[in-house]
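Heads up, the next two complexes both have chain A, just with different partners, chain B and then chain C.
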Partner chain A sequence: MSKAKTQQPAVIHKVIMVGSGGVGKSALTLQFMYEEFVEDYEPTKADSYRKKVVLDGEEVQIDILDTAGQEDYAAIRDNYFRSGEGFLCVFSITEQESFQATSEFREQILRVKNDDNIPFLLVGNKADLEEKRQVTAEEAQHRAQQWNVPYVETSAKTNANVDKVFYDLMREIRSRKMDASKQNNGKKIKKKDSKRKKCTIL
Partner chain B sequence: MADKRLIADLSVKGFDPNLYVSRAAEGGEDALLDLKQRIHILGDKTAQELKKNVYKNYSQFIDTAREISIVEGEMYQLSHMLTEQKGLMASMMEMSLVSDKAVVEEPQKEAEPEINPKEETRRNLAFLLEKVEGCSSVTEVPGRQLIHNGDLTELDIESLTPTQKVHAFLLTDSLMIASWLPNRRGPVRYRFQGLYELDNLAVVNVRDAGPVKNAFKILMFPASKIYQTDSAKSKRQWLDILEETKKKKASRDKQKKEVVQRLAEQQSVASLSRVEEASKTSFVDEEDKTTLVEFETDTLLQEDWLQELPENLDMCIAQRDFEGAVDLVEKVNEYLKESSKSPSLKEFRARIDHRVKQLTEGLMSELQVSPERSLRGGPRAARRAVAQLIRLGKSAQACDLFLKNRSAIIKYNIRQLKFEGATTLYIRCMCAVFFNSLLETSKEFLKAFPNHYGCYSAFIVWCKQELELFVKTFNRHVFDGKTSSTTVAECVSISRKHCQELCQSGLDIAYLFDGLISSDLENTIIEKREQLKDIVKYRSADDLWRPMNHMSQKDCQKYLDEMASARMDLKDYVYQECFISLTMNTAQFAKSCFQYTEDLLLVYSQEHEALITDSLVQVISEQLQHIEASLKSDKFKEDHNFILKNALFIVEVLMGRLERLYRDFQVTFPPELNAIRENYKHLKAVAKSVKT
Partner chain C sequence: MGPPPVVTGVSPRDGPPGTRIIIRGENLGNDPKDLIGLKICGVDTLMTAEWKSSKKIIARTGPGKGKGDIIVITRSGGVGSCTVGFRGFFVQIGPLQDSAVWIDETQTVLANLGRGRPSSPMISKEDEDPLGISNEGNRAKSEEEMLEHFPDASGNLTLENFSPAWYLLENHQQASFDDLKMGLSYMKRRSSQQSEGPITFAKANLSGILDCLDSLTEMCEKFAKDDIQRECINSYAVSLMQAKSCADGLFQEVLGRKDKADATRNALGVLQRFKFLFYLPLNIERNIQKEDYNLVINEYIRAKSLFEDSPIQVFQKVYKEVESQVMKFKEMLQEKLRQPNSLEEQKKLIKYLMSLDIDNDPGWGCLLSQEKWLTKLFMDCKDSNTQEIQEEVPIAPPRHKASGGSLGLSLQAESRRELQEEAPVPPPRHKTAVVSSGLSLSGELVKVTSKSSDQMAGQKFKMPQKVVFVEELTDIMGRHFPDFWKLGQAYFSGSLHKEGGDKSYKPDQNKHAQFKQMVCEILRLFSNLLRAAFLPNSLENLSEKERKMYGQWPENKRDVPGAWLPHCVRYVRSCASSLCRLDLPSDCQACVQELALDMRTNCMFTLLKQAIADVRSLHIKETWIVELDDEFGGRTQLPALFGNIVNETVQHLHEVVVQNKTGETEIFSQRPVQIEATKLCTELLQGFAPCLEQLAFSVDKPNTTSTQSADLTSGSSELVMESSEDHLPSKDKKLIIMLSNCNHTKEHLIPLLVENLNKHGYVEMNKVLRSAQETYEKLDKKLFDSYVEEKSNPIIGSMEPNMYRGRFDWANYKRVNGVRNYLKEVLMGMIEIHAEVFSISPLFVSRVMTKIVDAVAEEMSRLVQCVTKFGENGAIQARLELLALQDAVALYRSAATRKSFKEALDCLTVLTQDNKKTLEDQLNKFKMQFKFQLMCFHSDTGEISESKT
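Here is the complex of A and B:
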């Protein structure tokens, strides 16, 4: 791999961070990217990162879209979701509202992607602040089971489980891609199926 | 060693061969012979060395030439790059002036509300028209202004390698991307690429993408793009201005909504009071009326499905669900037909119109003929796009494209045919392809454009053009001067038959076809006539008036068979097994005359009737003249009976055959030909007069 810089690994997994404002999406992203914890809070608009990682011996790229927790426009939010292949749905275990909001995010993602099995992880962040916990592991676990997705508790501050959530999600994306390529073996993706059913919200 | 000395001796300055030889001769014969041999060897060696040197020089020369050509190429590249750079510099200078202006203008606008927004728009956007090709629709929306613009490099979303240079124009409500046209002189430097509404445009700051710096993403369904600016500062500027513009637009929209809501409340109160007032006075304030209209249309636009319509249309277009898209367009047109014009409606209209344009482009490209597209889909494939275009009221374009598409198919199909061997075979295939395509097109056309009578004339014009093209090819193959009249006749009759078939389905192009080949056909008839007359003259010159002798019964039978294949029965003229009591000249003439008549009848048409008859009369008369001349000649005094027998054969048997041929073709036997029969009497009289 001593070739030119532009020689990127072919596979790119597109991960999207969703969740309410202030739950630590950017903190998780920055911890994963640079292994540093940023204490100051500054609302994100929409940032994108790309990094080369080795996933089970294979060199791939991860493309992270760190979205704004407070995005007012549904159309724009839909555009974010459309570009993703897997989602880390983050809430803060110290804030019940952020946990409630995950349902809404999940619903929107499923609506946009029209795929119940989209790679998706429910992430309870700020696990280091056990004393301020408002969301129990059980109820989060329960919701994850309902959605048939994994639930992981992380701490961007202590770097607990941070790499795990990203790598787990990438593995799911990868296996989904392999299934898809097996299924339509050279054929085009059936576009008709992905036709989006519109439902009006609010 | 000896060789070296020899070389040294021979290459001494002022070498005197005579002296050298005489000195060498002193050594006696053996030494001399030895020297001779050595000199020979040296000579050979030198020649070889010389050859090697020449070759070496030559290869060096080639290498040098190659090097020079490489250098030349590099120089050329360099000069090309320089001119490119120069162009870039020039455009950058122009751009920076303008963008400075735009940026400077911005705060001013904020400070004081625009006095004349329309004027401002015009001025601002007129500049777009000058710079960008194909963006006229963008400038038509009232109130739209240029906020910011700048050069960007578009990157590949996966590999992040640069793909093209673009120029982005941020307008009050949308972002326009125009691709940079390299090697373009004059003011138009960009081509319109897309207009994206800020409402559903997501901007993503690319904070870290490995080696690629200063990039940001624009997510606009269904495409997402990634652009790179030239500096961190300009990226920051872009992001901030985008954000700000979006916010402004959002607040504007919000304000509008609030106004509408407030109006709605007022209106409901007002309407109540007005009912009471109405009894007193019917006077309604003019201003009130306009607000009422505005309110109505704005509430009209509040419909959910209407709000989502632009997005849904985008989706349909992206999924190539053209029917669905047209359905939506029709629905909205129907819905908005009644409503009056208000600014907000106009704006909405502009949004829809923009998409209709996209949709039309999509449909048009569906019908466009391009080399990489397969044409095998046939007319049914085009029908779908045509139908939708008609529904959008673009029947003229649809018709034009449909016919162009058909033209390409015909051209392609004809090109697929291989020209090998017989012209007739090729023409047969070509006719089949061409006329079937015409038939198919006409059927398809009637199906695709029912009740669009305006398009029918276009179809007729198209048919004529296609036919002209066809005849051009036809002529090239058929009337090339080398083709025999039989082939010509067959080809013409094949084509005519096809024309008639087409005529039965309501498209009469037979007269066109006849008109187009008329002159060539006449030329061929005349040419052949002259040829036949020449042959008659040539054969007559050495006609000895002897019966044919085929030497054996077998050969005679063979000849009879040959003539029979040309439908000439000569059995009655055989005597003594191998003799035929006709001259070779007569028999051959009868055969070619019969063939000629058959060819002529195959291409028979009323307008050529006179020519055909005249040609036949001329040819036969030529032969009869020869007979008359022979009768008058002293040379054949003894052969009068035999000559007259030949004459009788021509006048009776051949003419009889020709008459039957005419009957077979259902053409009346012309009296001019019938009159030829009278010639026998005249010939007999001539014979008598010569004898006496």
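Here is the complex of A and C:
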């Protein structure tokens, strides 16, 4: 374990699962983390997962925050969102409402992060339940294009595309971080400016 | 060892203590037993852990606070690590919420109380932000900084001076304008939700409300329908009535029996319930027999409170029985109270009586009966003792009294009385008295002692009756009076009543005075009884009748041997001081104190008188054994005996005289006592003088016994007088011995004794010393004079005849042929005196010799002057003899001697040269001849005996 600590990679990608209640955020997470599928439903409050993965030959850590879909917890979402670096916005293809809710989440994320290009994936889960589909692929694809984000259909039950969505998101995050570090110097100056401005407001 | 466990997932990741969490990871143990440790936020929660698989454990969090690790420990993998943590926080749980853990409410509740108003529901959850905007967590500004900007404001939502600007800066500094707008709408939504409360309730329970309405209409319809068929109901009623009466008839008997059974059961129940009362008479009797009075009283009081006013006849009957028993009990207690008893016992009894609500005053009654009892005890004690004395009078022979008087101990050999319960404490003097009687050489005493010794052997020395009386009386006093007094105190302080009843009982002042009088009377009786025994004179101003009451002690027995007196005084004083400790009123105590003082004084006088008598009778103890002492000269043991008597008396009186206990009067504080004491002291010290005088001048009737025993004790250091052959020293020897004794007494003993007396607190000792010295001075002179006379007379008387022996004629003396024999005889006589004096007391030699020489010289001078005519040779002879004598006694010459010689020499004619030579030759010849004899006049050392031989 001491080894693990010393070798702990510096890079941690922080992923946040968002979406309405019961769409399968936790199922996707647990499938990705432990390759297990949990049948029984238990509403999540806020779960935390982190593990080492190899991303394109590079060892990184993925930190997954599995959030609550229920409206009860909406108030505390802001807090989570702020710390997130990338978002998996999950809806169930068998539930139209969950698809509709995604735009609310998108809005809230953009509001909190204040960044239109935040790494973001639209995920249509429960793809194994094709017979109960309420949201067509086109519909979803259309919205994704509107937002300029990728759309992926997954199944936590069959493990279809589960790894893909996480890895894709991590790549996005990584590239964002690369850009950010390039602009580091300029940003710093900007930050100072902004601080000054605020002071003057006061 | 396998790979260590790693926790990679936690669900949920935060929560209050007691949150059920699912822990996921790798290598979390092979089986439930493999899992040996689980720590969440540093708190061991293994007890709650539920092992599901090597990837999953379910547990509940402990009271950890803040973000912390989740560490799994397994037997196979050791201590694990984690990539995720758990954040514990404390939720403020309101009083209406369920909580899985114990909540420490003191802080919040007290804070709320302090604030005086309930906390706003808006902020019931700390986490919740009124704007709905997530908290950034990191505060940009510290509280102090904020205070600088807003001096009078506060960031606290609940306070009056809440400042929104502060709040926003503090909590949402980073939030964008849009966020704030969102927050505002959120706040609006929340407040509108709150106002819509009742409507939402109705909406939520719509179906229930509708159901209620439906059933109400249905019921209404049913009633309307039933109302149409009313006749039907009447017929039902009739048949029902019939059925009822029939049933009644059937069950009447059974029901009657049941009623009876119920009644019986009821009665039994009552009996059982009030068993206490029915058994009470029996119980009271039994408890009284067992003397468990407390129980009796408690039960009675309980019964009284329960049944006193009970209207039920049975209870009243039983209660009356109880009452009558309690009355008897009360009487018994009162009877008991009248008997003498210990203080505690009596207090208890009084308390019992008080708690029984007795009408009269049991405490007072007890005090009265106690007083009577005490008085009776005193009188009984007196009576029994006086009776005893009277019985003894005819039996006790007077000779014992005499011996007791002189020896200081009373031998009541014939006493038939049983031995005292307490072994009599022999008074300190006792022993010495016996010893001195053993040493005593007085034939009479020896006889008495030997006579009674065989009778004494079988019996103890019995105390004089009066001493027994004192002891008994003081014992009664010491044992019972404090109880009486304390009871009185308790009675008046009310402590007897406090516990007995709730009523605050006020003892009236009349009784207080009465009690005080009682105390005084008891004390007076006590002191007068003792006075009657010891100091009858002090009661003389009382009437005859009263004196009779206090007891009359037979006159002839009045004198308690002095040795017992301090003993008695000790008892009386200890009694007095113990009374003193009781805090008695001072006027009550006074008579006892007075008694003690009188006893002390009396004791002192008696003992001193006795000592004087002892001293005066000392002469019978003279042994005539002279002990030589370089410092003081020779003396007999008489002065030492005298000193012993005085010192012993003083020692004996020490306790009586000097040691003043608290509250006692200084014994010498009264002038008459002082004078008397001084007088007695003087007498005591002077008493020895007549004794010495008597011895010195006694024309002895020899007490043979003494000298015989004296012979036996003669040793090397003691010079036994030659008179031991005829048993007694000659008169002149006695004189010189007594002279020596007297001198020793005067010079050494008296100052010592006076100092001792002084040390023991006797007053005016200087006067005593002076008068004593004077006495001894006188005695000294008298003795000395008579001695010198005794001694010089024979010498002087024989001078003249011897001088003219052989028809000596001064005028016709033929030839000067040395000093004549008569002078030599004179010298020899003087030497003899010298030797005698020296052997007794070398100190007196010079004094005696001077006197003698003086007398001799005077006689010589007279003789020479009487000669009418001297021949030539006669003049030479006379001169020769005068000079020889002068030379010989040069050492003891006084002015008078010198004058005598001078006068004698002046009578003689002046010598021629030849005659002078002859005179010188003759003088030298005489000196040579008498060399040894003369030596004794030149040196004061003890070579005389040699020279004499």
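Please note the rule applied: the second predicted complex is superposed on the first by the 174 of 202 C-alpha atoms of A that agree within 3 Å, B and C clash if a C-alpha of one lies under 4 Å from a C-alpha of the other, contacts with A are read in each partner's own complex, and residues count from 1 in each chain.
Operating definition for what follows: a contact is a pair of C-beta atoms (placed from the backbone, for glycine too) under 8 Å apart; a residue touches a chain by one contact, two chains touch by 3 or more.
As the structure is a prediction and not an experimental result, all values here were calculated from the model.
In the superposed model, A:182 makes contact with neither chain B nor chain C. Once the two complexes are overlaid on the shared chain, A:36 sits against chain C while remaining clear of chain B.
By the touch criterion defined above, A:114 reaches chain C but does not reach chain B. Where the contact sets of chain A with chain B and with chain C meet, they give residues 5, 33, 45-51, 65, 75-80, 82, 198. In the complex of the two chains, the chain A residues touching chain B come out as 5-6, 8, 12, 33, 45-52, 65, 72-73, 75-80, 82-83, 191, 195-196, 198, 200. Interface of chain A with chain C (complex): residues 1, 4-5, 26, 30, 33-34, 36, 44-51, 61, 63, 65-66, 75-82, 111-112, 114, 198, 202.
Of all residues in chain C, only 4, 6, 8-15, 22, 24, 55, 78-81, 83-85, 127-129, 132-137, 149, 169, 173, 176, 178-179, 182, 186 touch chain A in the complex they form. Looking at the complex, you find that chain B touches chain A at residues 158-161, 199-211, 217, 219-222, 224, 239, 243, 250, 304, 308, 311-312, 315, 319.
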